[in-house]
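Presented sequentially are two complexes of subunit A, the first with subunit B as partner and the second with subunit C.
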Partner chain A sequence: MTNSMNNTIERLKSIIRNLKVEEIDEREVKIEIKPEMVLNALSLLKGSGYSHLSIITAVDWIEENKFELVYILFSWNDGGKFIVSTKIDRKKAKFVTVKHLWPIARYYERELHEFFGISFEGNDDMRPLFLENWDDLPPLRKDFDPMEYSKKKFPDREYHKDVIHEAKVIRGDLNG
Partner chain B sequence: MSTNERSIWEKIADQLRSKSLWMLHYCTGCGAIELPPSMTSRFDMERFGMGPMATPRQADILFITGYLSAKTLRRVIYTYEQMPEPKYVIGFGSCTLNGGIYYDSYATINRLDYYIPVDLYIAGCMPRPEALLEAFNELMRMIRKGEANGWKRYKENYEWYKQNQLRSLGEVFIHDEFHE
Partner chain C sequence: MGEVKLFFGPNHPGMHGNFSVHMYVEGDTVERARPLPGFLHRGFEKLMERRLWYQNLALIPRICVPEPDINEVCYAMAIEKIAKIDVPERAQWIRMIILELARIASHMMSFPGIGGPLGLYTSSFWGVADRDRILDIFESLTGARIYHMFIVPGGVRKDLTPKIQDLIVKTLDYIEGRLPDYEDLIFKNRIVHTRLKGIALLDRETALELGVTGVGLRATGVPYDIRKVDPYLFYDKVDFEIPTATDGDAYSRVYLKYLEIYQSIKIIRQCLEKMPEGKVNVPLSEGSALRYKVPKGQAYVHIESTRGEYGYFMVSDGGEKPYRVAVRGASYPQTFIGVEKYLPGTRIEDVPIWLSTMDVCAPEVDR
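Showing the complex of A and B:
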């Protein structure tokens, strides 16, 4: 960890108790915090030089019944990277927007709403961003079955011959 | 007149058409990278009388590389219907044939000829420029013999194609800032 990262973590620890810090790399640190402290942590990090929001994304932990929200912040001063992660309830998939901190966040939030069904308070523009006429569960949720959807919507080509079987016979895996 | 019957003038016209083909390439999937060597000096598509064309209204061939998502398929149907007749479609790569490695994707279609008529497929992932030139020669032969009549099939089975398009896309009409 670089010095400036250490200093930033000290400052984070002063506002957040039980901060979970995981050092991934020399210049990459993941911190796990409670949802209510995320805005504080993000604005502190933004003020400490980590002002570049690389991405907001989500991970679906379906067994835990949680969505993990991941904010990746980058510093142009020393190339350090902070990964801020928090877990929100999967049933009430709702969080607060960060578009007042980074205006670009409104696109990431639109994307998360489209692909995970997470809505963000304060960001009302939740029009679909990539998909058109989507009519099923948000597609990146783990309980969505892409194979089933593809079968339902996009018919497969029907083959008269079982080519894979023939190839196995030719190769000698099976006795024809 | 049935699909395969041609008048003598059409036969002559087809001979001439096969010598001058303009290709519109729709490259939203992968595979577009095989086109530059085919077009430029290495494999030199122009010696067959073929050239790239920028707009659908002046193109003869619609060349579709790689996968099409539901979103891009709408644009392809728009493009195809804008093209003047006679028009030919080449599907390039496994994805247009049977979905390729995206066979289970929620966003990409699995077979192109279900939505628009395809005259010729090039199998492979990716096909090499040699395969591409072979396909162009085959298409020219098909045009001369009167076998490349996908555009006639589209007119005859318009209802069937529309029904399939609606089944997969819900609505073919595009709602976005460029089309409204």
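Showing the complex of A and C:
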């Protein structure tokens, strides 16, 4: 871990109790925090130089009945990456927006709403972004089965026997 | 005169892939713009969750068309980070060569990208023709021209033979000899100066606030490149510079890409020189690679693509398939907030230039 990352973690520890820190490699650290402390932690990290938001994404832990929200922050000064993760309830998938910290968060949140069904308080723009006329579960949830969906949406066509027979005649497999 | 709604795309020759913008135009100036993605959404992230670790290698290059190798490197590096696999040194140098060749090929494609909207078709033909020489190298090395599926977890598929190294050296010499012609054709051309200078401006604060990376950011005067700031592979062992400009306009972005080709050539030459002999891959597991399971863990890997920060966030639950893979498309910020907030004010004829030099790339945004 670099020095500035160590200092930042010390500062994080002063505002958050029971901080779970996992070092992935020398310039990448994952911290797990409770949902209510996420905004504080993100603003502190942004103020400490980790101001580039790489991505906001989610992981569906269906067995734990939780969604894990992941914010990845990067610093252009020392090349350090912080993976800030928090777990929210899967049934009441709701969180607060961070669009005031990073404008692009608005679109990441909109994407998460479309693909996971997580809504973000304070971000009203939740129109569909990539999918058109979607009528099933949000597709990146683990309980959504693409195979079943495509069978339902695009049922098998029925082929008439005589068409196949005709094709065989044309190909020369059968006579007349 | 009232406001007119104008549709740009989803098909346009000056763009990579299908992306649409709804523009509300008054006179010939864009008043409001709305990005409309989704025409290329193929559900890669879901598809990856349903395939074995090794099967995905055939799928991932298809996320990004002009520069597919970045996907292979990100995917392989993320697996290696989670599973703590030591990749042989020679394989890492070969990966760097592949990445830089892909960078040159992709930058060559940006000349057609800018030639189309300007009507400067010579640069389109030259760019595509010279890119083909790089594709020839890929073909003799991997058997494929566009989607190589060459970089695998644990190394690369095959070694660089002396014959292919010769071919690389010759091609680089050829391209280096050709580049002054491009300078004469594009960057000493008065029409290009009139059309590109002062167009599609993005200042430093805005670029940093939005999270724009790559040439879009470096054209505003900051030398931020992931190869230098957070070095991966052996980028800290080679000598190269980060070209920057201060104007933050379309012209400087195109010119930076041109200058980066020189740096890539420099890097590849050093790689060929410094590359040690040895193995090029390590077996992941005993027996079939298809049965390979990545241990439980998470990692984020990002690299500098031609369009900026390209990243993979990967989660493994120890199973046969990835639990979750999230892809960070490099041009995400400028495609959405950029089009919505900073495209207005542009004239209609400059919109293709704006989208092309901002590197709006639909396949990596839609995924």
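In this text, the second predicted complex is superposed on the first by the 154 of 176 C-alpha atoms of A that agree within 3 Å, B and C clash if a C-alpha of one lies under 4 Å from a C-alpha of the other, contacts with A are read in each partner's own complex, and residues count from 1 in each chain.
Assume a residue touches a chain if its C-beta (ideal position, glycine included) is under 8 Å from a C-beta of that chain, and two chains touch if they have at least 3 such contacts.
In this text the structure is predicted, and so the values were computed from the model without any measurement.
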For A:P146, select first, second, both or neither according to whether it touches subunit B, subunit C, the two together, or no partner.
both
So, A:K81: does it touch subunit B (first), subunit C (second), both, or neither?
second
Would you sort A:N133 into first (subunit B), second (subunit C), both or neither based on which partner it touches?
first
Looking at the overlay, what does A:S51 touch: subunit B (first), subunit C (second), both, or neither?
second
May I ask you to decide whether A:M1 touches subunit B, subunit C, both, or neither, giving the answer as first, second, both or neither?
neither
Who does A:M37 touch here: subunit B (first), subunit C (second), both, or neither?
neither
Contacts for A:L19 in the overlay, against subunit B (first) and subunit C (second): which applies, first, second, both or neither?
neither
Should A:P155 be classified as contacting the first partner (subunit B), the second (subunit C), both, or neither?
first
What is the contact status of A:V96 with respect to subunit B (first) and subunit C (second): first, second, both, or neither?
neither
In the overlay, work out which of subunit B or subunit C sits against more residues of subunit A.
C
Subunit A contact set shared between subunit B and subunit C covers 130-132, 139, 146
With touch defined as at the start, can you tell me which subunit C residues reach subunit A in the complex?
37-38, 41, 43, 45-46, 50, 81, 208-211, 213, 222, 224, 226, 229-231, 297-300, 302, 309, 311, 313, 315, 323-324, 326, 328, 332-333, 336-337, 341, 366
Can you name the residues of subunit B that touch subunit A in the complex?
70-71, 74, 97-99, 103-111, 114, 167-171, 174-175
Complex contacts: residues of subunit A adjacent to subunit C:
24-25, 27-28, 30, 51-55, 57, 59-60, 70, 72, 74, 76-81, 83, 102-104, 106-107, 115, 129-132, 139-140, 146
If you look only at subunit A, which of its residues touch subunit B in the complex?
130-133, 135-136, 139, 144, 146-147, 149-150, 153-157
